[in-house]
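Consider the two complexes below, in which chain A is the common component and chain B and chain C are the respective partners.
Moving on to the complex of A and B:
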């Protein structure tokens, strides 16, 4: 709860103090504030004891607090790792932190009202951020596509909530579990409950861009400014999957009924994400498809819910740590390579190998996304696949196949980097934060136990 | 003594709001003008409001009506941002249909 208040206060503070200041002036203060919020969430101190919040609305368990710390940490990382863009005002930083507020709300929700509010508070600033490059027609297109499809998916999610409310008579997730177990006991599900659950799931799957609700993601990711893309690809995925997990846990008594549907969606996401990733000519678009594939892997976590021998939430947490650090790093490297070469397609990596430090760090980031041992991505995938194998071997088989395919397109960047080109390569500098990303990836990869609650 | 609203069976409210929602849904799928799309999305949200209010009255639980207030506030914020985005797009393209939005492909 305290972390939520700190993030919100920081967002308002940055919005108002930074009205006429360049972004570079507010960049490090916002990073420090977000780190502070993350530390408060980790430590679990309650700074606002005077504030009583009903447990049926929002509450943070120790696991939720870890998710909050991850959100704040990744938010700080995204702000720190990208160059300040605007010299006129730092409203974009404020918007990012407002969006983060929504994500933190979404992690702690116990109630469909809070879930809706969290999703919207998270999404509305993101629509603005997607279009924050106002003169750029691609950014415009990304913003309007993201807005229309986001609002559309919210409406579907709301209809689902209303149906669930009608079927169970409550908006509190915990009370819904009682009703669901009652229906599961008799083996009959009223159509309103089924329709509500399906519509709610569709709304949430839209947000995390799982197939077949993924079609907006490549366009939006490609068109938005890279910093906003990195923010979308990490923060929305973390918060969205935490909400999906919460809903799945609430309807766990009905797990036999939806298990196969989840597996099919996961397999579809993995196949479509990886196959389409192979044929892209723009690295940003390739990463968009890769994030769809990652959403597919993470959907496998939902199969573990209700199995006493696995802790679905800590497996998901480790995967999200690995995915979001590497994803932020990958987008940051793409931005760096674009600025260096001025190109948007894979040729941006041409001749990169002459810059030793850059290429070593970049290789680590992409290896982690692909899931090569000793990187964070491998640790996340290993725990996930090993646990899911006993539940649904077929889906894990497809996931392994998808991982193999994904190596092909992640390594395509290296083919260009190591190609022997005659082009002169300006030796652009990169920030030390990018090295920190690689160090974090190796740390998580070598000692995943430290990061698994 | 029941009000007129309570005498109407709950199923009618459910059918009505589902039909309204579907009109909005098909509007989003088949219309091409961004402003009309925005209106269709509002229609979808408002049909949910109607359903929630009816269910809330039917079950004698205030939670649904509370939800409606949140939905209305958020819908207003969303419409404000959406129209701002539309103005930004219009300045660059002099057009409000979504057909021209096909620069991003791959």
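Moving on to the complex of A and C:
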């Protein structure tokens, strides 16, 4: 709860204090504030004892606090690793932190009303961020696309909540579990419950860009400024999957009913994401499809819900840690390479290997996305696949196959980076934060137990 | 553990040194792990890694001691002479040392996941070595190589995970990835076949056995000499070692799986694969004019026999096969070195345009001859004892024609190896080679000495592996009862 307040206060502060200051002035203060919020969440200190919030609305278990810390940490990382963009005002930083507020709410929600609030608070600043490169027509396209589709999906989610309320008579997730187990016991599912659950799932799956609700992702990811894309690809995934997991846990008694549907969605996301990733000519678009594929892998976590021997939430947490650190790194690389070369396709990576330390970092980031051992990506994938293997071997088979395919496109970046080119390579400033990213990736990869709650 | 940490550290040092790294320094760095291990012994380790039941367990024994010897003996030779000194020398050395760490890990692993992790890790440096320094269409070739081997690795992972889920649950309520636990799992023949197939694919691609060899000749030929030496000298042994220790020992049941009722089981299929590779490699090698390609196919031919001998499940055959793994490693590195030394001086490796080098460089010709004779398996060279034991076992198993066909390859081998030597070193002089550098001479001497010493004293190595062979055969006999 305290972390939520800190992030919110920081957002307002940055928004107003930085209204006519260049972003570079507000960049590090925002990073520090977010780190602070993350630390508060980790430690579990309650700074606002005077504030009582009903448990049935929002509450943070120790696991949720880890997710909050992850959100704050990744938010800080995204702000830190990208260069300041605007010299006129820091409104974009403020918007990012506002969106983060929504994400933190979403992680703690216990109630469909809070879920709706969280999603809206998270999404609305994102629509603005997607279009924040006003002169760029693609950025405008991304904003419009994201806004229209996002608004529809939220409406669908709202409709689903209404149906669920009608079917169960409550908005509190915990109480819904009782109703669900009652229905499951008799094996009868009222159409209203089913419809409500499906609609709710559609809204959430849209946010995490799982197939078949993924069509917005490539265009929006490609058109938005890269920093916004990195923010969307990480923060929204973390919050979205945390919410999905919570809803799944609430309806766990009906697991037999939804299990196969989840597996099919996961397999579809893995296939579509990886197959389409193979044929992209723009690295940003490739990462968009890769994020769809990752959404597919993470959907496998939902299969673990209700299996006593697996801790679905900590498995999801580790995967998200690995995915979001590496994704931020990869987007930062694309931004760096674009600035250096002015290109948008894979040739942006040409000749990057001339910077001997930078290239090590890039290799680590992409190996982690591909899930090669001793990187964080492998640790995340291993726990996930090994646990899901005993429940749904077929889906894990597809996931392994998807991993194989994904190597073909992740490694394309190396192909260009190590190509012999005569192109002049002006050495753009290389961010030391990116070095921290690779250290973090290796640390999580070598000692995953330290990061497994 | 030191066999992994020291090379990793050395790799970082070598990379950090950049242009300052010279040949002798690199050689010294690569020697350290082996010397430390010889002086202090190899320390085993067993600590929780991914969870309490998935452990970082490294413990060398029997066969793996031999493989560790091979790795830490050949890597210094490769560092010494495999890489040409140039702008990227430090990167090449760093990747080679990284590879050394991963290979040492593979050979010591006593836990399924530890094995998998090091197995995959070994793929990364070799991928980059091939990607960065190959000739021709390097991206397509290296990607093909990587995807081929990675596919095998994934099927292996799936099999290991399946075995893991069947291991008995310990006191703490968890399954175990420990090698002994995986080995203790009893499988039905059909189940064993699928598990075994997953494991087998990983190793068959890496070795490579016959239908999985499509990546090999291109990668071997186009990769730089150092990478080819690593691939054929050590990485190939990784596949064979896996076949022995992680395929046959974990899923012996699969060998009995009948592919054709009452006629042809999985074991026969692997035997046929070995035999096919053995003959195919030999025939292609006889027709090659590209010296490197010739050696690549001769390698395909030799490993076929090793796989066959292993599956005879006879003490002699298995001993011979393990011995031959060491021998083949030394010889393959020696042969690729010889070819590369010629190529460095001529700028090509077309056998038709070579000849008479023995006149201008007698030392080179003499050492090359020793290595060639070792490959041909002339008595008193290292090839002989292994080939003899293996052929004896193959003769005594099943029908005799397998043995006859396998023995024919000794003749084929003599044909293509001696043809190679003759075209390159004998005959009318077609140009002369500039004299060898100190490091090249030293590398040839080391290899030549190893060839002769093993040829005269094979017993040292046979003693080293005997107890492991016995326990391996016993374990298989207990779980599968297939001692024929």
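As a working rule, the second predicted complex is superposed on the first by the 453 of 453 C-alpha atoms of A that agree within 3 Å, B and C clash if a C-alpha of one lies under 4 Å from a C-alpha of the other, contacts with A are read in each partner's own complex, and residues count from 1 in each chain.
What we mean here is this: a residue touches a chain if its C-beta (ideal position, glycine included) is under 8 Å from a C-beta of that chain, and two chains touch if they have at least 3 such contacts.
Quick caveat, the model's predicted, so the values are computed rather than measured.
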**OP:** Applying the touch criterion given at the start, work out whether A:366 contacts chain B, chain C, both or neither, answering first, second, both or neither.
**Re:** neither
**OP:** Tell me which of chain B and chain C touches more residues of chain A.
**Re:** B
**OP:** Return first, second, both or neither, reflecting whether A:169 touches chain B, chain C, both chains, or no partner chain.
**Re:** first
**OP:** Quick one: classify A:346 as touching chain B (first), chain C (second), both or neither.
**Re:** neither
Subject >> Which superposed partner A:140 touches (first chain B, second chain C, both, neither) >> reply: first
**OP:** Based on the superposed arrangement, let me know which partner A:8 touches: chain B (first), chain C (second), both, or neither?
**Re:** neither
**OP:** Kindly classify A:449 by the partners it touches after superposition: chain B alone (first), chain C alone (second), both, or neither?
**Re:** second
**OP:** For A:398, select first, second, both or neither according to whether it touches chain B, chain C, the two together, or no partner.
**Re:** neither
Subject >> Interfacial residue positions of chain C with respect to chain A in the complex >> reply: 15, 18, 48-51, 91, 113, 116-118, 120-121, 124, 128, 131-132, 139, 143, 146-147, 150-151, 154, 157-158, 161-162, 164-165
Original post:
Which of the residues in chain A end up touching chain B in this complex?
Top reply: 112-113, 116-117, 120, 124, 127-128, 131, 134-135, 137-138, 140-145, 147-148, 151-152, 154-156, 158-159, 161-163, 165-166, 169-171, 192, 218-219, 222-223, 280-282, 285
**OP:** Could you pull out which chain B residues touch chain A in their complex?
**Re:** 14, 17, 21, 24, 28, 34, 37-38, 41, 44-45, 47-48, 51-52, 55-56, 59, 61, 63-64, 66-67, 70-71, 74, 77-78, 81-82, 84-86, 88-89, 92-93, 98, 101, 103-104, 106
Subject >> Footprint of chain C on chain A - complex, ascending >> reply: 356, 360, 363, 367, 372-374, 378-379, 382-383, 385-386, 389-390, 393, 396-397, 400-401, 403-404, 407-408, 411, 414-415, 418, 448-449, 452
